[in-house]
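Each chain gets a letter, A, B, C, D and E, in the order it is written, and its residues are counted from 1.
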C-alpha cells in the first residue's frame, strides 16, 4: 500500500475555508441554540452574518494569495479561480441579504427558529461547493446539500399546507431530476473514466467523432442542472415552490440555486465545449423556450411571488444564452471569455434585483399578514414611496432597462452572444425582454398609477434588517447600473484572454 | 475476458432506470414515487459498478458509496416531508395536493 | 453459455420483475417489499461484479436501513391498506410509459448504453481485489485522490439530512 | 461662469436637472394633495373646505421653475458660445472618459448644431412645461422630479457620442414619461403608458443588439470613430458584409421609426398623447419624437450610408404615406388631442422625407421642422390642455363658437394653428418648404415625392381649420361655455415665448439655420453625397454674360416687343 | 440704376404692418372710429409713398426701370432663408409691374378702407376688421413687391389668410365660417401647385429671384433661354413650371375648377368683397403669370391651356351670373368671368392687356361692389335683388356711380372696361390656330356680361320697388344674416333705428365717386392708338408679338356692339316686366333645366362638395377606422396575444406533481434526442 501523504491537506483546507467557516458556524448555532438562547434571540442571525462576512474575507484572502493563477485543491476535485471566487462572493452576498430578510420575516411569521439559519448556511455551503467543484461528484454532492437544505427550508413553515405542498413537490421533482443528473454522471464516467472536469476537457478535446454515451450523458447533465436552474421544460416546480415557500426562503433559493446551477453549468459545459456542436442545439432550445414562455407565462400572474418565479425562469433563459455563447476553448484557459463573465455579472445583478424585490414583499408583510397579490401593491407610492420606488428600481432592473444593473447584465450577455455567433438567441432575448417589461411594468403601475385601496400595506415590524436589504439592493442596482466597471474588473483580472 | 459483458449491465441498468421513471410518473403515492426514485438511483449504481469493473479501477464503487450516502440523507428528508405533509393535510395523495397551481 | 451469463440472466429477470412489481403493485407495503427484493438482487449483482464491499453496504444501508424507514413511515401514516389512494384513468399512464420507453429507446438506440465502450481494462487483480474493504479504504482516505474531500462533504450532507428531517418532522406546540 | 462649469458646460446642462431632482427628492417634503379637478374637495364637517397646504407644494413648484430656468439659461450659454464655422464636428466635447473600460465604453458627449437646437428646444419646452404644470395638484413632488429626470435623459440623448451612453439615455427617457402618462394622465392612462413604453422599448431592444454587434465587429462604441473615415473602427465597419449591414441598419431604423413615429408604427402616439397630461404631451410631441429623427441623422445615416441610400425609397414612401395618412385620419378625429397627435404623424413624415432626401435643404429643413413642430405642436397641446382644464373635455363637439367668449385664446390658437399648417412667415413654412424643395431637387427622391407630400399642405389646412371652425366659430353651442374664462396671465406667459419663436424662426430663419450648415454638410459627407451637384450647391452669384443668351437653342425665341 | 427713393420702399409695406400691429394690441382701446382712421391713414400714407416711389421709378430710363430695395429699414439684403445656395432675401423689386400693383393696392385699398369706416361703423368688431384689412394690405404689398417668387408666395398665402379671416369675419354664423374655410382650403390646393412650381423653378434655375442687378435672376435666365440648376431648361420643363404656377393662379384667381370659393366668399363684409375678392387679391394670379411671363411664353401648350381655362371660366361664370339673385353673387360671378378674360389675355400672350384689365377691373369692380354695399347698407343688409327695385331715386349718388361701373364693365365706349377688354379680345384673335374661336367666344361672353350686369341694374334700380320700406327697420332679416345682426346687438338703436332706405354716409360715397371717375377715364391710358400702359409695362413682360386678326377699329366696333346688344336686350326685357322685375314666372323657372342649372352653378359646387366633403369625409372616416382597427388593431392584438397565450399556457401548470414530472420526462426525451441528434440523425 502506498504511504498516504497528508501534507497537502492544510493548504487545501485553506482553500476551502470560506465553506468550512459556514459549516462550523452552522454547528455552532445548533449548539448555541441547544445550550444558550433557545430560539429566543437574534443571536443566530447575527452569528450568521458575522460568519458570512468572515467567509467572504477568506474568499478575498484566497483571491489575493492566488491572484492570477488558477489552482486546484483536494486532488483536483475543487478548483480555485475567479469563477469560484465570484460565485462564492455572489452566494455570500445572497446569504447575507437572505439572513437579513429572514430576520424580519421569521419574526413576523412566528417562525423564529435557529434551524433556519443552520439550514441556510449549510445550503449556501452546498451552492459554494457547486461553484468550486472541479469534479462531477463534488458538484453532485454540493447540489444535494443545497437541495436538501432547500427542501427543508421550503417546508419550514410546517403548519402551512402551502409550504409543505411546495416542499413535497420540490422534493419529489428534485430527487427525480438528480437521478437523471446522476445517470448523466455515470455515462460521462463511462466514456471518460473519470469525472474530473479537467480530465473530461482534455479527453473531449482529443476525441474524434461523437460518443453516444458521452452525448447522452451531457444531455442528462443538462437535464439535472437545468432543473435546478428552472429551465423550461424542467421549470414547473418553480412557481409552485416559490409561491408556497416562506418568502425569505423564496428569496434565498431564487438567487442561490440559480448561482449554483449556472456556475455549475458554466463549468460543465465549458469542460464539454469540445463537443459544443452536439449540445448547442439543446441549450439553444432550452434558452429560447425559457425566455419566451417564462415571460409569457408571467404576464397573467396575479401573485407577485409566482410572477417572480416565472420571471426567474425567463432569467434562467437569458443566462442560458450565455451558456450557449461559451466559446469552444482550445487553449486550456477555460472560462475566461465574455460568456462566463457576463453570466456571472448577470447573476450578481439577479441577486440584487431578486433580493430587493422579495425584500419589499417581506417589508410589506406585517405580523399575521402575508403579502401575496400584486393588487396589494395598489397605491404603494402614496403610502410608502420609498418602498414603492425601491421596488420600481428592482422591476426596471429585472426588465433590463437602463440605467440599472439588470440592463448592464443583459447588455453583456448580448455582447457575449453576438461575439460567439449566437445572434438568433440575442434577438429572441431582446424580444422576450419586451414581454418581460410588460409584467414588470404592471407591478410598477399598480404601485404608482393606482390609488390605494382600503387599508394600505403596512410595514413589517422590526423591519430594520429588511430595510437594509432594500437599501443595499437598491444601491447596488443603481451603482452597478451606472458604473459596472469595478464589478467587471473583478471578473476580468484573472483573465488574460479577455480584454 | 469479462464473463458478462459490461454492456449487459448497462442495458439492465437502463431498463431498471426506465422502470423507475415510469413508476415516478404513474404512481400517486409519494412514498411509492420515492421508492421508484430509489430504484432509479440503484439502477445508476449498477452501471457505476459495472463501468468501474470494466475500467479496472475502484472509482465506480466510490460513486456508489456516495450515492448511498445521498440516498440515505434523501430518505431522511423525504420521509420527513411526507410526514409533515400528512400532518397538515391528512392525505398524501399527490393528486389532491394542488393548492399551488397556475 | 457460461454459468455466469446464465446467472446474470436469472438475476436480471428477477430484478426487472421485482422492479415492475414495485411499480405495478397498488399496495405500498408490497411495493416496498418488492423493492427490497430488487435491492438484494442488486447486491448479488455487485458480488458478481466483484464489488464485495458495496454489495454489503447495499444490503445494510438500502435493504436494511432505508427500506425499514420506508415501511416505518408507511405504517406510521397508516397507508398500508391497498387502494387507499384512488386511481383514476387518464392519459397520464400511457403517455408516461410511451415517453419513458422512448427515452430508453433513444439512449439505447443511439448506442449510449449498449455500445462504444473501450476495451475492458480489467485485470485479474482488479477483479479479485478491487472491491475489498482495504481497497475502498485506501481510495477513500487518500489525499491524492478526490474521494477524501467528497467523503468529508458527505458528512455535511448527512448533517443536512438530519437537521432537515428534524425541522420538518418535529411536532411543535 | 466658474471655470469648472465652463469646462464641462455640456455635462452641466445634462445633469443639472438631475441635481435638481435630487434636491427635490431630499430637501422637500411631500406635500398634501391639493383640491383637484378629478377629486372632490375635502370638506370638513361644518362645510368648510379643508385648509390645503399649498406652501410646500408651491415651494416645490417655484424651485422647479427656477431650476429649469437655470438649466435653460445654461443651455443658452451653449448657444452663445457655439462656433458656427465649419471646424470641429462636435463642440463642447466632454470626454471621452472611461466609463466601462473593459468594453471601451466611454462617457463621451459633444454637440453639433443639430444637437444644439434640439437641446435648446428641450430645455425651453421643459421650462414652459414646468410653468404650465403649476396647475398640477396631485403628487406635485413626484411630478416635478419626473419632469427634471426626463429633461436630463432627453438632453443626454442629443449629446451622447457613445452608442452605449446614447442607448442608456434613450431608454432612460421612457421611464419618467411612463410615469407622467401613467400617474397624471387621463382615463385610459395605464393602457396608454404601457403601450407607449412597450412599443418604443420593443423597437429599441433590437437596436441594442445592433449596437452590440457593431462593437463586436469593430471594437468601438464611439460614433466618432465609427463614422469618421480613416478611423480604425470605421475601416472595420467597411469589412462587415453588406447583408449584415442591412440588418444592422434595419435594427437601428426600427427603433427610430417607432420613435418618430413613421407609418405604420405610429399607433402608440395617439394613445399616448391623448392620455398624457398636457406637459407630457408637449414634451412627447415636442421633443421625444425628435429623438427618432435625430437618431436617423446622427446614427443610422452616417453609420450605414449605403444601406440608408438603398433603403431611401422605402423610407420616402413611408414618410409620404405618413404625411397623407396622418392628415387624413386627423381630419375626422373627434378629440382635439388625437387630432393634434395624428397631425404629428403627418408633420414628422415631412421630417423623415427631408432626412431621406439627403440634400442640404432637406436635412436642414428636417431639423428645423423638428424644432418647429416642437414649438407649434407644443403650443397646440398647451392650448388644448388649457381648454381641458376649463371644461374637462377635449371633444371638439363640446365646444363651438367660443371665439366670442375667449378671443385671446382664439387668437393664440390661430397662431399655433397657422404655424402648424405652415403659413409663410411662421416657422412651419420655412421647415416644410425647404424640406419639399430639398426633396424635389434630390435625385434620390424627386419631384413625385414632393408632389405627393405637398398635398399635406392642403390636408393640414383642412383638418386644422375645420377644427378651428368647429371649436371657435359659429354660434355658441353649449350654454355652459358662455362662462369660459379667457387666458390667464400665466397661460399667456407660457404661450408668448412660443409665439415669439414661431415668428422668429418664421421670419429670420438664418439665425437658426446657420447652426445647421456645418453639420448638414458633415452628414452629407458621411453619407457620401457631397458631390451631388444640385442647384443648392451652386454659386448663386454666377454672372451670366448677356452675350450667352443664344445658349438654349431648343427654346422658343422670346420676342421682346 | 439707383432708385432715389429706395430707402423709402420699406415704408410701403411697413406702414400697413404697423397699422396691423397697433390695431392688434391697441385696437380695443382706440375704439371707433380711431382704429379705422388709423388704418385708413396708414394705407393712404403707404399710397403716398408708393406714388413717390412710382414717380422716381418712372423718372428712370425706360429700358432699365428696375431697382431693388430692402423691405426692412436699414436696407441691405436681409436674408429670410439661406441654406446652401438656396437664398431668399427680404428684397423688394421695384419695376413697372410691382409699382402698378402697389398703386392699385394702396390706392383702391385706401379708398375701401375709407368706405369701410362708414360701412362697418355699426359693427362691434370694428377694430378687428381694420386689423385684418391692414394685414391684408401688408401681405398684398409683399406679394406684388417681392423680388423673388418665394416672397411672392409669402404674400400669396398671407392674403389667403386674410381672405379667410375676413370672409369668416362674422364668424358667429357658421356659414361664413365655412365659406372662409372653403376659401382657404381651395386656395391651398392652388398653392400646392404654386409651391411645386417654385420648387421646379429652383430645380431648373437654381435661384428663386426674379431678377437681379447682375442678371442672375431666373427670369433673366429664362429670357436668355438658359438655366443654371440641375434640370435642363426645355420647352417641356418650362411648360410644367408654367402649368404648376397656373394651378396656383387658378386657386387665387378663381379659375375653373377652383373658382368655387369665390362666390361663397361673398359672405364677408362688402368692403372685403370689393377689396379682396374683386380688386386686388383675386388678380394676384394674373400678376404672377405676368411676372413669370418669360417662362410662360416658352410653352405654347401652357399658353393654350391658360387661355382655354380662362375663356371657359369666363363663359361658365357668365352663364351662372345670369340667374343669381344675390346682388353680391352676381358681382362675384362677374368677377370670376372677368378674371377669365384676364387669363385669356395672359394665355394668348397679351400680358399687358391682361394687366390693363386688372387695373380697370380693379376700378370698376371695386366700384360696383362698393355700390352694391351701399345698396345693401341702404337696404339694411338685404342682398336679395328680388326684394329690391326702384332704388334709383332713393340713393342717387350710389345709383349714378354704379351706372358708371355698369357701363365700364359692360365694355361701353369710352369707359375703362371697354379698352382693356377689347385689347384682350383683339390680341386673342391673333393667337395661332385658336385665335378666332377665342375671339368669338370672348365676344359672346361680353354680350352675356352686358346682359347680366344690366339685369342687376334693372332689378336693383330700374324696376319697381318690391319691398316694404317701413318694414326694413324691423330686423326682419333673412336667416343668412342673422349673425350680422347678432354682432350688432349692442348697437340696435343707433344702427338700424331709423328705418327706410337711406343714402350711405360720406365716407362711403367719396370712394364711390373717386372710383367712378377712375372707371370712367381710367381706360384712356391704354387706348390702341396711344397705349401708354403697354409701353409702361413693356420692360417686365416677355411675350410673343401680338397680331390681331383684324384692324383695331373693327374690333372696337364689335366690342361696342356686343355691349350694346347685351345691355339693350336686357334692359328692354326688364322694362317689360317692370312690375315684379322677373323675366320668368316661378313655374317657368322650376321647369327650365337651363335656368336651374345656371342658378345652381351647373351643380358644380354640389358635385365638388359631394366629392370633396362627403366622399372625402367618408374616406377619412373609413381610413380612421382602418387605422384604429387594423393598423393599431394588429399592434394591440399582438400585445394582447401575450396575455392570451399566458392565460392559455398557465393552465399547463396544473398543480399536480405527476404532470410536472411528465413535462420533465418530455423535456428529457427532447434534450436527449437533441443532443444525440448527430448520431441518431445519421
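Everything that follows uses one rule, which is that a contact is a pair of C-beta atoms (placed from the backbone, for glycine too) under 8 Å apart; a residue touches a chain by one contact, two chains touch by 3 or more.
Note that the structure is a prediction, hence the values are computed from the model and not measured.
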Exercise. Which number of steps is the smallest that gets you from subunit B over to subunit D via touching chains?
Worked result: 2
Problem set entry | Contacts common to subunit C and subunit D (chain labels) | A, E
Problem set entry | Chain whose Cα centroid lies at the greatest distance from that of subunit A | E
For this session: Point out which chain occupies the most central position, where each centre is the mean of Cα atoms.
Result: D
Seminar exercise, completed: When B-C and A-C are ranked by contacting C-beta pairs, first comes B-C
Problem set entry | Identity of the chain that, by mean CA position, is farthest from subunit C | E
For this session: Using mean C-alpha positions as chain centres, tell me how far subunit C is from subunit E in Å, no decimals.
Result: 101
Problem set entry | Averaged-CA centre spacing for the pair subunit D and subunit A, given as whole angstrom | 44
For this session: Indicate the whole-number Å distance between the mean C-alpha point of subunit A and the mean C-alpha point of subunit B.
Result: 26
Exercise. CA centre of subunit D versus CA centre of subunit E: separation in Å?
Worked result: 36
For this session: Indicate the residues of subunit B shared as contacts by at least two other chains.
Result: 10, 17, 20-21, 24-26, 28, 30, 33-34, 47, 51, 55, 57, 59-60, 62, 66, 70, 73-74, 77, 80-82, 84, 87, 92, 94-95, 97-102
Exercise. Hey, what residues on subunit A touch two or more of the other chains?
Worked result: 137, 141, 144, 148, 151-152, 155, 158-159, 167-169, 172, 176, 187, 190, 212, 215-216, 239-240, 438
Problem set entry | subunit C: positions in contact with at least two other chains | 92, 96, 99-100, 103, 106-107, 110-113, 115, 117, 150, 154, 157, 160-161, 164-168
Exercise. Touching pairs of chains, which are they?
Worked result: A-B, A-C, A-D, A-E, B-C, B-E, C-E, D-E
For this session: Spell out the residues on subunit E that touch subunit C in their complex, using ranges where they run on.
Result: 658-659, 662, 665-666, 668-669, 672-673, 676, 679-680
For this session: Would you tell me which residues of subunit E are touching subunit D in their complex?
Result: 79-87, 150, 153-154, 157-158, 161, 164, 168, 171-174, 176-178, 180-181, 184-185, 188-189, 191-192, 195-196, 198-200, 202-207, 214-216, 220-221, 223-230, 233-235, 238, 294, 297-300, 483, 486, 538, 542-546, 616-617, 619-621, 623-624, 627, 631-632, 635-636, 639
Problem set entry | Residues of subunit B touching subunit C in the complex | 1-4, 6-23, 25-29, 31-32, 34-36, 38-39, 42, 45-47, 49-62, 64-66, 68-77, 79-84, 86-87, 92-93, 95
For this session: State the interface residues of subunit C toward subunit E in the complex, per the touch definition above.
Result: 92, 95-96, 99-100, 102-103, 106-107, 109-112
Seminar exercise, completed: Per the touch rule above, subunit D residues touching subunit A in the complex are 30, 98-103, 139, 142, 164, 167-168, 171-172, 174-175, 178-179, 182-183, 189-190, 193-194, 197-198, 201-202, 205-206, 208-209, 212-213, 215-216
